[in-house]
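To start, I am sharing the structure in question, which I have written as structure tokens.
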Amino acid sequence: MSVTLLDIVWAAVGAVALVTAVSILGVSLVWLERKFLGRLQGRPGPNRVGPFGLLQPVADGIKLLWKEDVSPGPSAKVLFYVAPLLVFVPSFVVWLTIPFTRDLALRNLDTSVFFFVAFSTLSIVGVLLAGWSAASKYSVLGGFRAAAQLVSYEIPLIVIAITMVALAGSMSFVDIVEAQRTVPYIALVPLAAVLFFIAGLAEIGRTPFDIYLAESEVVGGPLVEYSGAHWAVFYLAEYGNTFLVGALTALLFLGGWSWPFGTLPAPAAVALFLTKSYFVTVLIFWVRGTYPRLRIDQMMSLGWKILIPLSFVTLVTVVVQRFYGWPSWTLTLMSLATLALAAWLQTRLQGAPARALAEKYRRDAVVVQAKPRLHREAPAAAKVEASS
Amino acid sequence: MIAGLKGFLTTIRWVFKRPVTANYPEEHLPVQPRYMGFPALLWDTTADEPFCTGCMVCVRECPTQCMSARMHDNPNFAAGTSHRRKIIEHFEINYNRCILCGICVDVCAFDAIEMTHEHELASYARNGARADLPILLSQGRRWMERSGWRPRNPEKNVAGVALAKRAPATAATKLDTGSGKAPSREDDA
Amino acid sequence: MTQPPKPTPPERPARHGPPVEVAQEVFDVQGQETARLLARVVGTNALESGGRDEVPWVRVERERLPHVAERCRDDQSLRMDMLHLLLAVDYVEHLEVVYILLSTQTLRKAMLKARVPANDAQVPTATHLWEAAHWYEREVHDLFGVTFTGNPDLSPLLLYEGFEGHPGLKSFPFHDHDEF
Amino acid sequence: MTTTDQRQVDMMLNLGPQHPATHGVFRMLLTLDGERIVDMEPHIGYLHRGSEKLCENESYGQIVTLFDRMDYIANLNNELVFVRAVERLMGLEVPERAQFIRVLLCELNRVASHLLFLGTYGLDVGAMTPVMYTFRERERIQNIFESVTGARLMHNYIRIGGIKEDVPSDFTARVRAALEFVKRGVDETDRLLSFNEVFLLRTKGVGVIDAKTAVSCGLTGPNLRASGVPYDVRKDNPYEVYPYLTFKVPVGERGDCWDRYYMRVLECHESISMIEQCLDLLPDGPTMTQTRRIARPPKGEVYVHAENPRGDIGVFLVSDGSDKPYRLKVRPPSFCNLVALRPMLLNSYVADSIAILGSIDIVLGEVDR
């Protein structure tokens, strides 16, 4: 098999189309996030540029491109300017193998899950470099936080991906989606879906895991010194990643473009897939509007002590179920039981004591009793002490 | 977990409610009647001159010293159409320094200054927020029209009323200060 | 921007007309009790005493100030566990350092005062008694130039490093400041 | 250089004064070992305006406006304590209606201040929604203030001998209507934040200060009560018409960030109930003692303190008989509360430094004066 000129041209066209499509999706998320967050908080959200503020991302982009691109004096200039690309490129390369429908993917690899796992980890390097090269203490702190966070949350993410591979018996996203034609996997392994969602949030640094960006602590972390177009590249990569998590969740758990009532025509299938992805993305924004931020050590212990064991439990249950050929509802049952156990433990160990303490404070407050007020016949005539 | 889910319900409820934000340039929230905007000088229509005699009480009592004033002899007094011997010649308020405390209104014995509802006075010029006498008077007139302002002490301060009251007492050269039982403000003078 | 100079009213004697009846400096019930306890605790250290409402005060020698404060803190009937306020007043010929002590247990308040000559403004520190004294003493040192001997850190707190003079003093020119 | 030596190199992190989460222009110099805070040095004074010195050159009536600007979130509480100091010096008896209105407005202001705290504390720990909800409800209180005092923040309403003018006729109805919303808003924030898993993780057991250290640092207000000391000026040294009100003083026991936070949630409810009692009891009558225009208290000195939303604010006033105070010293609660920051902060994490600083609820205008 030799590479012809036509192949190269097609690859170039495909790459441009993909970058454009993903950029548009990412930019649409900017609007969606601002609008949705605004409405969550009782605000109208963007409403000035275009109808419903739809052109707001465009205005943002123009502003960012026009801004002066400054770098701090002592920064390592080359690394400082390369870092955004190192974040941007991996996050877009992953999209190569994401199928929008059965046939609409740039490369329909048989091992596309593997490809995703391999490339999604790479952006850590860019974030770390961005943090280090900016020569700011905040960004250094943020960069190291990011490295710790991304490395530890790769593991549950990958284990869950392996679980789904084991369930579907294939490493291709297309096959995994085809396997969910009748029942989406979220119904089979809800625990895995929850874990994947949480690990995905951490992977893209979204609340409650926006620890390396934490604007109230490290003021944007690795991005603290970036401005203008370079910052915009980070921004775009972040939204690309956000949508990626939405798309992956849709592919792995929500049945991608499939529909339990038969096969859809291609445009409708793409629309269905995008709808599901957007739904998960909105969920991510919803979490952002509701949750505070974790601390770095708490996040690490959540990752290593809870998510990773639970993801292995999921993997084992799936493998056992497959090996012994138990009916699939047993899987649902096991998954739900584990989820319920985790939730119960959390409530038991953390929520209930806090509520008890609050109730105690409410009850045990020192009561100050009112003295009866002396009865006054007429409104007290104030002492008239006027000088005249 | 349960608390988090409750939080989700709390936030999502607002998506279906109307946002509480007012879209500012198009939509102005109502200003309360007592709102203290920037001070302005009022106009005595009966004598067609300002109420202010330039007595400097407000200038002295202003915590931020944002005002300055100068008085001169009132030509209308000589003409007999006013009871004010002195009248304001120059008055300036620097709105950049004004803290809207309302002390000038409290201390004014001549009903001459009032807090208006003016509050949108942004300007591009550095000295754009310095209001001189014509500006203050025009704002005061607008305020009088809009709010239906009434002097608190007309017998003493409104030229028409004061002159009419004084008319029987011929050749009243001394200003009548002991009118009414208003709290005495002479401590300041 | 130049502000026309503020006309200064001519000097005239402060008029004390009839309007204000001078409030008597009298103790209420709690104040009497506190004053009695305080007198017992301070003992012979007291040079002068007085007070009004619920807050009695005692003037002591400045060297004895932290010592007396400690006794007030440790005394079982007073238990003044909080240094509520530490301040200085500039009476031109001398400064007065005032401790306002408060007990969160017996709910009593008291003031300890000490006169400090203006040219030799030194008071022993109270930082070993209360954490709060650190900042209070730095502030008083900033604004009044009172040196608290024994305080490990009297660096400027409210003023910037290199500020000359002590703006709290009456002698510090007030009207000559630069306006930004 | 051995490995041990390399571990000894600590990082100095300069947090503030332009950091978004330091609640103003507060700066702390953190010495970090990784993310752990080894040492901490606070720096204040960026907002030092010399208010106390300014007071010596302004007449008593004008000083009220200066007090507005010290704690610019609880203006009326600040005005009240100064005015009470002057009144006590002059021996003025304030009409009862004025006292009730003062207490009512001060409690409203306390609710407004606590609402601001609840929202911004959410921001400090990374939750961005509560601040919108609490500001929305705070706005209702501000509207009431505007209708009563004529200003949203710097009121200059509580005057020596009473209040500036009586409340408008629809005041009672408006307050009652607004309180319903405020109650719902507090509950909403409570539901959204107080027991959230992540919020509990962030605040439980963080920034613990025991009662002894707290008292020694001069901590007051909800911060002190969270450590288990039931000290509240309204209870222990009641002023104005507080003796006629029934209320509860919530007291914590752990002294951690969550306790300090929750004290304020509970205090909001208590203040709302106090406002309702005030509305029920509000008598008729004059609102101002008739005094001379210019206050000239007799010679003497007085110390008066009161409960601010942030703690125990005190005013030490020396009068020489003229129309300007000879010396005026404020005990700023935030200033004293900041002293306790260091013991709380040591051995915690960088992220905690923000959570702890937020939980103390400082207002830099008051710290620096």
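What to note about this one:
Letters A, B, C and D mark the chains as written, and numbering starts fresh at 1 in each.
Convention: a contact is a pair of C-beta atoms (placed from the backbone, for glycine too) under 8 Å apart; a residue touches a chain by one contact, two chains touch by 3 or more.
In this text the structure is predicted, and so the values were computed from the model without any measurement.
Measuring from the average of all protein CA coordinates, the nearest chain centre is that of D.
With centres computed as the average of Cα coordinates, no chain lies farther from subunit B than A.
Subunit A and subunit C, compared by their mean Cα positions, are separated by 57 Å. Subunit B and subunit C have Cα centroids lying 41 Å from one another. Between subunit A and subunit D, the centres computed from C-alpha atoms are 38 Å apart.
Annotation for subunit B: residues touching 2 or more other chains are 1, 3-4, 7, 10-11, 20, 183-184, 187. Multi-chain contact residues of subunit A, defined as those touching 2 or more other chains: 40-43, 289-291, 346, 351, 385-387.
Counting partner chains per residue, subunit C has residues 17, 19-21 touching two or more of them. Contacts from subunit C toward subunit D in the complex involve residues 14-17, 19-25, 52-55, 81-85, 87, 89-90, 98, 100, 104, 107, 109, 111, 130-132, 134-135, 143, 156-160, 167-168, 172, 174. Contact residues on subunit D toward subunit C in their complex (touch as defined above): 44-45, 48, 50, 52-53, 56-57, 88-92, 213, 215-218, 224, 229, 231, 236-237, 291-292, 295-298, 300, 302-303, 305, 312, 314, 316, 318, 321-323, 326-327, 329, 331, 335-336, 338-340, 343, 368-369.
Interface of subunit B with subunit A (complex): residues 1-4, 7-8, 10-12, 14-15, 17, 19-21, 23, 183-184, 187. Interface residues of subunit A facing subunit B in the complex, by the touch rule stated above, are 36, 38-45, 47, 286, 289-291, 343, 346-347, 351, 386-388. The touching residues of subunit B, counted against subunit D in their complex, run 1, 3-4, 6-7, 10-11, 20, 31-36, 61, 63, 99-103, 106-107, 115, 183-185, 187-188.
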